[in-house]
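Questions regarding the structure given below will be posed in turn.
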Amino acid sequence: MTDLAAVKTALKTQAVETPSWAYGNSGTRFKVFAQQGVPRSAKEKLDDAAQVHAVTGIAPTVALHIPWDKVDDYADLAGHAEKRGLRLGTVNSNTFQDDAYRLGSVCHPDPAVRRKAVGHLLDCVDIMDATGSRDLKLWFADGTNYPGQDDIRARQDRLAEGLAEVYARLGEGQRMLLEYKLFEPAFYTTDVPDWGTAYAHCLKLGPKAQVVVDTGHHAPGTNIEFIVAMLLREERLGGFDFNSRFYADDDLMVGAADPFQLFRIMCEVVRGGGLTSEVAFMLDQCHNIEAKIPAIIRSVMNVQEATAKALLVDREALAAAQTAGDVLGANAVLMDAYDTDVRPLLREVRDEMGLDPDPLAAYRRSGWAERIVAERVGGQQAGWGA
Amino acid sequence: MTDLAAVKTALKTQAVETPSWAYGNSGTRFKVFAQQGVPRSAKEKLDDAAQVHAVTGIAPTVALHIPWDKVDDYADLAGHAEKRGLRLGTVNSNTFQDDAYRLGSVCHPDPAVRRKAVGHLLDCVDIMDATGSRDLKLWFADGTNYPGQDDIRARQDRLAEGLAEVYARLGEGQRMLLEYKLFEPAFYTTDVPDWGTAYAHCLKLGPKAQVVVDTGHHAPGTNIEFIVAMLLREERLGGFDFNSRFYADDDLMVGAADPFQLFRIMCEVVRGGGLTSEVAFMLDQCHNIEAKIPAIIRSVMNVQEATAKALLVDREALAAAQTAGDVLGANAVLMDAYDTDVRPLLREVRDEMGLDPDPLAAYRRSGWAERIVAERVGGQQAGWGA
Amino acid sequence: MTDLAAVKTALKTQAVETPSWAYGNSGTRFKVFAQQGVPRSAKEKLDDAAQVHAVTGIAPTVALHIPWDKVDDYADLAGHAEKRGLRLGTVNSNTFQDDAYRLGSVCHPDPAVRRKAVGHLLDCVDIMDATGSRDLKLWFADGTNYPGQDDIRARQDRLAEGLAEVYARLGEGQRMLLEYKLFEPAFYTTDVPDWGTAYAHCLKLGPKAQVVVDTGHHAPGTNIEFIVAMLLREERLGGFDFNSRFYADDDLMVGAADPFQLFRIMCEVVRGGGLTSEVAFMLDQCHNIEAKIPAIIRSVMNVQEATAKALLVDREALAAAQTAGDVLGANAVLMDAYDTDVRPLLREVRDEMGLDPDPLAAYRRSGWAERIVAERVGGQQAGWGA
Amino acid sequence: MTDLAAVKTALKTQAVETPSWAYGNSGTRFKVFAQQGVPRSAKEKLDDAAQVHAVTGIAPTVALHIPWDKVDDYADLAGHAEKRGLRLGTVNSNTFQDDAYRLGSVCHPDPAVRRKAVGHLLDCVDIMDATGSRDLKLWFADGTNYPGQDDIRARQDRLAEGLAEVYARLGEGQRMLLEYKLFEPAFYTTDVPDWGTAYAHCLKLGPKAQVVVDTGHHAPGTNIEFIVAMLLREERLGGFDFNSRFYADDDLMVGAADPFQLFRIMCEVVRGGGLTSEVAFMLDQCHNIEAKIPAIIRSVMNVQEATAKALLVDREALAAAQTAGDVLGANAVLMDAYDTDVRPLLREVRDEMGLDPDPLAAYRRSGWAERIVAERVGGQQAGWGA
């Protein structure tokens, strides 16, 4: 039997971090379709993020991306966040857009480029000190496009060296989250292509180094919930970059492509104690053609629904069927939770939190969408700057 | 026994079309790394293409992309090509970069957008009339990102209607080449995702409608040479967009990722009479991090080497082993051709064509690379304009 | 607004055909784990199938596989079915288990083997005449394992010739359903690897030749609902072989791996009029480790639940959002149906049909599972005979 | 510049282990096509393996599979091998064919089954003591077919426990090689699905635990040479199970599907010192439709050719181009080695070793193929016994 009160408490305390860059324009290599009302500054991104938190109640922090969110005064930015009911979250580094990084950053054959890249990462830790962020998220675009282009193993040596220097700089309570990705923008080798590579580096660095699972960064057929279970067992799951995919790193709204997979992932999170641990739940998505703020609200809700279903799994019945080797029975226990329509439960939870039961309707009624279109005229819209 | 003289003749008459856009900058959604010396105009692209033809002898035509290569006077452009020893080739349409095309072009739910897209395609035929191009190559970025976003079947109806209008406009000797692609930039459905869809539309349109096989546009595991064999059997193989991939539509140099696959494809081309038919051999690649002109030269050489190996297959011995059900024997005949180092043969062929046996060395000696870096200063470098 | 009465009517008249072979043992190349109580004859398979129909009410027909279900007297077998409340359904041919078929059947290089294979297919039509079956389902294991092993194109010629002979033999009201499969047991080429190939052959044969979509037979990333929409638009969707997969042709219970995909497929079926047309809904699964009869019951229920959700889609609201280009709105309409818990509705439907609302509980209560274990002792258990 | 004498020496000392089971019958779940002349006993398998070594000179050891090669007297078997010029090699365990293993072996929920499985593994170490084998190769078919079927994390705990017990039993100079595999025969989770999992377990066990890379056991798109480089850097590459694949674990002849990939793998082996280290080069293939002994000879030759090409890479020129960031130049150095026809070199090497330059011709001339067909009449042909 599931303890409904405990389920509700868990759902009320869950936190999903939204990424500042998802409020700006994004696109593919073919085209960025700019949208009206898009923020022109880090503060405006926070203003949008505040709308998401206001209606969902579970999106209290915002991830920054440096230099896209570079400001002169991070304390001022943190203050702006606070006024909006938010906190600044994970700091994301960028070592892929400077012209120097054509052949990599921390893995580049030229030590001067590696120096520059490590310097940027150290700067990011400075920013964390200023913002009070706990996590430095590292995603490296490093890799090669052609066989022979560079020495695979030497690049690992360089990577290890760079990571070690940054790790040593981390302060008390700060963490390094290392993200892996199968491919893109490198098309032959990627220097951190899978969880095994990220895990091997984290092991050597120490306990502050943790692996990030981006749900869109795997080879076809990869069982992501297995990886989640493994990393929780190894105490190396730092967090998630949630999004969804049909093909490659499509960066669609989390839960849009395979809601059953998201549920299975959340089941392993619950099973492994990840919901109450230091696992960071972050979105990392691109809203290329759909309205951005409602897409982010919907994504937060999708994570919440998957979590609710995972919490509703009858763990005792499941364990009993598993122990008995009852394949169909165990599967049925899991599916019973998945097939449940948790939307009424979540409306209740929101009601108890003093929120509108329907976040999207609340957002629509707020007039924010119309207001930003009207007010954000002129200036340079935020985007990836690719 | 292979007739070496016939092989040489075939190699001398082979033609590989290079794409104007490959001479300009390209990149990923993360970053375009601009290169020095990149052309600023359609004419400068032709100047670069002329270098490729000068050293390889088998790249006499250049594909245009409209509007990237839009000029006021196409006769003048054709004249420039002719002065450089080139001809203008396939006209490629672009219905993915106008803001109107956020939700598609010829498949868009709004008839006004469809009208605009078809109008562009008709303009492209006008350009073909002016340039004397035979082929209109159609690649549609059309598709959807989310389940339910649009009606899959209605989009096919719109596609069929648009194609029919353009088909009707084709002049004597002109063709429509319809390209398919599994995904990107659409991430849920793509309106022409596979050869079956392209084939079904071409069938209904008529004999001037032919399928284009882009070697990077398939799902993992797809046997491309099988598709080539099928389309040749159906007399619907219009041509190739050559490139290579490890993951998705990586657009690396053809032959760089899987040279054995390229050989197998060329074997089916030879087997199906495609070398002497109307099949167009085109490159469609992105040289994001490597020098562009030598990359294109290398790509042309890679196609040539694969063709040479395919021509060297002992067809009689192969047929005998196949008929006898000799699995290992038949495979060995094929591998024997593949394992042959055809570079000496190609040096001979080039020598007989009055060319330097080593095209890349010849290009390096030409000083062109240094000259364009020195001369092409200022102005707007060509690129995708994404 | 959805018409609930119409939804119920559609659900009551839906029919899912179960395959005789799913009641027998199956496994992988590594091991077949035999189960207790498995049928020893075609009649015992029908006895089991009758249990599935008895509790679900929508599984009235059973597919035969020849020679696995070869009997001396098919009229007698049909009579046995009738006594059990069933009818004999699709006849499935087998041209992959005779020693002669090592290198293929209808595509084999040796005309004598092709003759033998076509002879078997013609025998299958004789059986259809005797059983009153409408559909002949053709799946060919034909293909090659090594490049060069056989001539890809010549195999297509042989395939076309063989199919034509069988097609000519079909009687009034009989159909040929041609199935495609990416790979396995052939590992380099497969002679009917994709819907395009099956479609091309069906087109030439005539209207009685239709394509079968086995949901486990695609390359990773293939959008199956797109293919369903295409084939319905072309009036060439003969039916489904339902099952589910995480990796290859895993043959798990339909709906077990990706219930959202199954829903999307059923949405296209409903959209394209496939629910009321001649589309055959068949299961083709392997219950290697789980109890077979309850697994089949569960599979039938999974198809039913997906169908119910697809029927619940608010088509008007969907069309309105699609026409308006409202990406999130259109997606939300679809997801609203998917997120609905349709189990209460289906319990109602079953109640109205005079069935137990819970088919699995009804089956458990029936004592059938225990009875067959007790009674089916000795003899040769049914299996694939590989 | 490459030192040709050193290359030849390396090629002469390379050893490729052939698997006893490849000489027996194998097939797919659909059909095992038995071949004439197939061995009926472990000794007859060794007789066949001796033919492979006789003509290639580099296949001196044979891997055993228990219980397929179970004999009463392993010393006698080792003596038989010695008389044939062979040694017994790696011992492969089998915990997937007993009826008890339906839901797994060392990861099974029932401790009694785990006990049985560990007992078998300990027996295998006993056999190693008797045969003098260095390596115990562990491949576990363990996994689940349905979400919820068993607890992913608990299965890891059980796996760790079982491995620890076996590891503790290893004698001086003995090793445990842990193999990973993406899927099959389990279709939802596999308990050791990737190199990261195998590596994590080996790390905890100790230095005698090493990872085995089976080239057919990865998700589509996985860069295997990257994994090889990683494992060599971590000193955890125990060996290879060579074969090749187009789709899944196709188990075709190594080098048949992607010879360029095999070359890249061997390049990393050479680069990482794997050729002269304790890395075991083993074949693990199925010759389902082709003649087995010549297929194995060809496979050994394919490994040898790839190794030769890898040894021919101009490492100095490569390093220079890599350091200079010369993408095309570095790639060209690699391709130059790959494009070389190494067959003349290998004929020389064989001649210097006192062998026929053409192993397949030598085998054909030996009359062995005809002899075993004539002599091996009656008895039970070896196979997987699935």
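Chains here go by letter, A, B, C and D, matching the order in which they are written, and residues are numbered from 1 within each.
In this section, a residue touches a chain if its C-beta (ideal position, glycine included) is under 8 Å from a C-beta of that chain, and two chains touch if they have at least 3 such contacts.
Since the model is a prediction, treat every value here as computed from it, not as a measurement.
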{"item": "Which of B-D and A-D has more C-beta contact pairs", "value": "A-D"}
{"item": "Centre-of-Cα separation between chain D and chain C, whole angstrom", "value": "38"}
{"item": "Centroid distance [mean C-alpha coordinates] between chain D and chain B, Å", "value": "40"}
{"item": "Shared interface positions of chain C, touching two or more other chains", "value": "102-103, 145-147, 182-183, 188, 220-221, 223, 246-247, 256, 260, 289-290, 327-328, 331-332"}
{"item": "Chain-level touch network, classified as line, ring, star, complete or other", "value": "complete"}
{"item": "Chain C partner contacts - residues on chain D that touch it in the complex", "value": "26-34, 96-97, 99, 101-103, 141, 145-147, 182-185, 187-188, 220, 245-248, 250, 252-253, 256-257, 288-290, 384, 386"}
{"item": "Chain C to chain B touching residues, read off their complex", "value": "102-103, 109-110, 145-154, 156-157, 182-183, 188-190, 193-197, 199-200, 203, 218-223, 225-227, 229-230, 232-234, 260, 264, 268, 271-272, 318-319, 321-323, 325, 327-328, 330-335"}
{"item": "Of all residues in chain D, those that touch chain B in their complex", "value": "220-221, 223, 246-247, 256, 258-261, 289-291, 294-295, 298, 305, 327-328, 331-332, 338-341, 343, 360"}
